[in-house]
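Read from first to last, the chains carry the letters A, B, C and D; within each, the first residue is number 1.
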Amino acid sequence: MKKSDYEAELTPMKAELVGMARWARATGQRVVVLFEGRDTAGKGGAIRAVSEPLNPRQCHIVALPKPTDTQQTQWYFQRYVEHLPSAGEIVLFDRSWYNRAGVEKVMGYAEERQVGAFLSQAPIFEKQLVDDGILLFKYWLTTDQARQEERLRERLDDPLKRWKLSPVDLAARDKYEAYTEARETMLSATHTEWAPWTLVDFNDQKRGRLTLVRDLLDRLPDTNVPPEDIELPELGHEPHAERYTLLQPIADYPLN
Amino acid sequence: MKKSDYEAELTPMKAELVGMARWARATGQRVVVLFEGRDTAGKGGAIRAVSEPLNPRQCHIVALPKPTDTQQTQWYFQRYVEHLPSAGEIVLFDRSWYNRAGVEKVMGYAEERQVGAFLSQAPIFEKQLVDDGILLFKYWLTTDQARQEERLRERLDDPLKRWKLSPVDLAARDKYEAYTEARETMLSATHTEWAPWTLVDFNDQKRGRLTLVRDLLDRLPDTNVPPEDIELPELGHEPHAERYTLLQPIADYPLN
Amino acid sequence: MKKSDYEAELTPMKAELVGMARWARATGQRVVVLFEGRDTAGKGGAIRAVSEPLNPRQCHIVALPKPTDTQQTQWYFQRYVEHLPSAGEIVLFDRSWYNRAGVEKVMGYAEERQVGAFLSQAPIFEKQLVDDGILLFKYWLTTDQARQEERLRERLDDPLKRWKLSPVDLAARDKYEAYTEARETMLSATHTEWAPWTLVDFNDQKRGRLTLVRDLLDRLPDTNVPPEDIELPELGHEPHAERYTLLQPIADYPLN
Amino acid sequence: MKKSDYEAELTPMKAELVGMARWARATGQRVVVLFEGRDTAGKGGAIRAVSEPLNPRQCHIVALPKPTDTQQTQWYFQRYVEHLPSAGEIVLFDRSWYNRAGVEKVMGYAEERQVGAFLSQAPIFEKQLVDDGILLFKYWLTTDQARQEERLRERLDDPLKRWKLSPVDLAARDKYEAYTEARETMLSATHTEWAPWTLVDFNDQKRGRLTLVRDLLDRLPDTNVPPEDIELPELGHEPHAERYTLLQPIADYPLN
């Protein structure tokens, strides 16, 4: 998909996202969106597509580091709970509590017992949030291994993307099928009436982003809250220019 | 400045930012960058230019809401301190403790006494961080009122930018000169040997971003830590495709 | 009940509490005890009876202030979750999430809808903690109004206890029966197999404390973890005395 | 010193502490008290003497566990800052940031470089708090080694006190003189005009507590804020008794 075509489709949806955020602010709604999926699927880009037009004081991206030793011994959901939204806030989780049923299970970081406990607790935990009025959306980004391979190679070769490549990613290559199985088990246990999963095909990442954002917008209520009426009268004088005393701006970046 | 020219200049700097982040991770450095400046100057875009190529688990953007009543009674720096970096982290402050000497002073949200106290405390507070080894950079983005007016009008007219326009922005129009004075007072008090300010001209925002990023990179030590050596052997089998049982991906976004 | 008799009974139980704490530390157990009950019932004294012999770095007392405006809009349990124990910790809640079904309901601080939601959510929330392995104990301290009246008058007259007397306490006098009803409704909804309530008669506070501590100890598993073996060899020299250079201790409090 | 004599002296001071807390609440004062001193000196008991008559929602005891690996890499004062008081609060630190100049130095947990940095930073850090209006008191509890030996032996022999005895305590025996030296170095560097130290002789712990509490009260401003006027009218009916439906109180603790 060409970048210009992508932008042409995304731009009007950005306006809808802005409208959604205005509605959330005006009505005190709380929105949580989980972004899960395979490594390289494109979670980061999807999150940017949603967050880019929004006020960073309203829309928070939560990308937690791995738990500390102390957190490991706490109630599993505890470290996520502190990031849940207040009135008017939109929280985007870049990976989420589902780590336990995905990477932790496949890579053996969690015991079977812990994974089983998680799969039975997650729907209950989520039901509490939904019953409390939080709007919860769960997206899982899919991608075939052929595309994953291309992207891994791109990460290896592109210095800008190299940091995205970790030893865990490489280990994950051999476990593509194990991840598929883990996902299906996870879906069986946690695709509920109150908190359903939505799978989005990210073999084409731009199209995947359009699909995801469109779906998110379609599932939110009709959200037309007109923006506050603001007047911008004439300034009434010549505009001022910057005046410097102590310090001057540094030299502009040189252009050829 | 044309977008393509901008991208051509920025791309190699992105690679340097990635290198800087790798160095910070490898050596445990802690980096704090403050972004201050007039409304509409372009703080958000400058922050995105720095953060976009970096791992969101390493580079955090801190955009605090206004303090709660309880926070109002605490040590002024307390709510900022909890966001200071751990080893290897880079924290970008979208506005910062300098609110007190800028918007709070000009709009009368803080008393003269509080502003004065802040101006004498800030250098001491910052010296502690710097003495502790934190790398602290303070940028102030300047813009003439003519450009500010254009951008305010753009915010009013562009539904995508409308949320950036608040009544405080409008009040700030009449106070352009007061903001200039407040900045100069602030610079006199807080431009120190250990934590100097850097002013960057953002009348042209793209060029301003290039100037800022280039300056930031130039002021960091030579940071060449080679990326971890990673092998990507042949897969050894046909790549797997996604297999679905319970749920299928939703329909792709329709293209014409 | 005489103080000396009380102490004679409590002292051996203190040793058991210390043993319980050693066991919790050694095995990584997490213990949560809720203290609820009428105003003046004696929650503070009961908490002191449990915590006094324990290491304050292991046994935490949580007495939250009323929620901020922001917290009011969050998931109701959110501000409690952050105080749940890590491995080896014992957390004593001086009032708890049950505020919503008690004081908030009776005094009209919460809407009926919110109280109803709480009553159906609390058992689910608690089941999650218990399923996660947290040992949860819920005590409700009862007292007749005649005793409550005596204690209110004592609070009024005794300068040391005066701070315990708030306008809410006085309003609660007229609502003794409403509190009874609220408690019974709460018990019906939240006395569950996995997190049962224990009522303790605190008409005699000393005896109530003995009853509560004995019950708590009896319901914990047999907890005999011997203390670490520590040798205290002879010092091998005359003991040193304090030596002062810059500062001397201040004068001792004068005794007649 | 006999317990009854001790109580007779302490009781009127408790009333003064209550008055001080009422004054802090009414005027929004913030109070911080550090309790430092040798192992076995009696920090816990001194803290209890101050906190026991006060509202636990107003007077917080902060006894931090050892720092996590992540905290180790942060600004040294960061984890303490989050516990500083809001308006009206009193915070008692059971050990404090001075760990670095005491146990960490003597036991070799911190490098000389870190200790030196701490000794130059602490006065600056404290000046900021004091300049911000926080009332800061620093007490160091002294005790001769002969008394320390008695108390160590008591901890070894008394099951109730056994948890207070750690291997670090034993190691500290051989380092009594090193602790003395570390204290004197610390006093030289951190006994400042704005945040002076007060040494209190705790060879007799009861008397030490009286000395400390008296000193603290004497150094606070005259704090007479009369308690709120509260009326306690007649109840106007027979007092109600508890009525139980679902659950009865458990059997009272049996007395002989």
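Methods note: contacts are C-beta pairs under 8 Å (C-beta built on N, C-alpha and C of every residue); 3 or more make two chains touch, one makes a residue touch a chain.
A quick map from chain label to UniProt name: A, B, C, D = ADP/GDP-polyphosphate phosphotransferase.
Everything numeric here is computed off the predicted structure, so don't read it as measured data.
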Looking at the contacts, which chains touch chain A and chain B alike?
C, D
Which listed pair, C-D, B-C or B-D, duplicates the contacts of A-B in over half of its pairs:
C-D
Identity of the chain that, by mean CA position, is farthest from chain A:
D
Sort out for me whether C-D or A-D is joined by the greater number of C-beta contact pairs.
C-D
Taking each chain's centre as the mean of its CA atoms, how far is chain A from chain D in angstrom?
45
Can you give the whole-Å distance between the Cα centres of chain A and chain C?
40
Cα centre of chain C to Cα centre of chain D, whole Å, reads 20
Flagged in chain B as touching 2+ other chains are 70
Taking the complex as given, what residues does chain A use to touch chain D?
68-70
Touching residues (chain side chain A, partner chain B) in the complex
1, 5, 9, 11, 14-15, 18-19, 21-22, 44, 53-57, 61, 63-65, 94, 142-146, 148-149, 152-153, 156, 159-160, 162-165, 167, 170, 173, 176-177, 180, 184, 187-188, 191, 197-201, 204, 207, 210-211, 214-215, 227-228, 230-232, 235, 239-253, 255
The residues of chain C that touch chain A in their complex are 28, 30, 70-71, 73-78, 81-82, 84-88, 117, 120-121, 124-125, 127-129, 131-132, 134
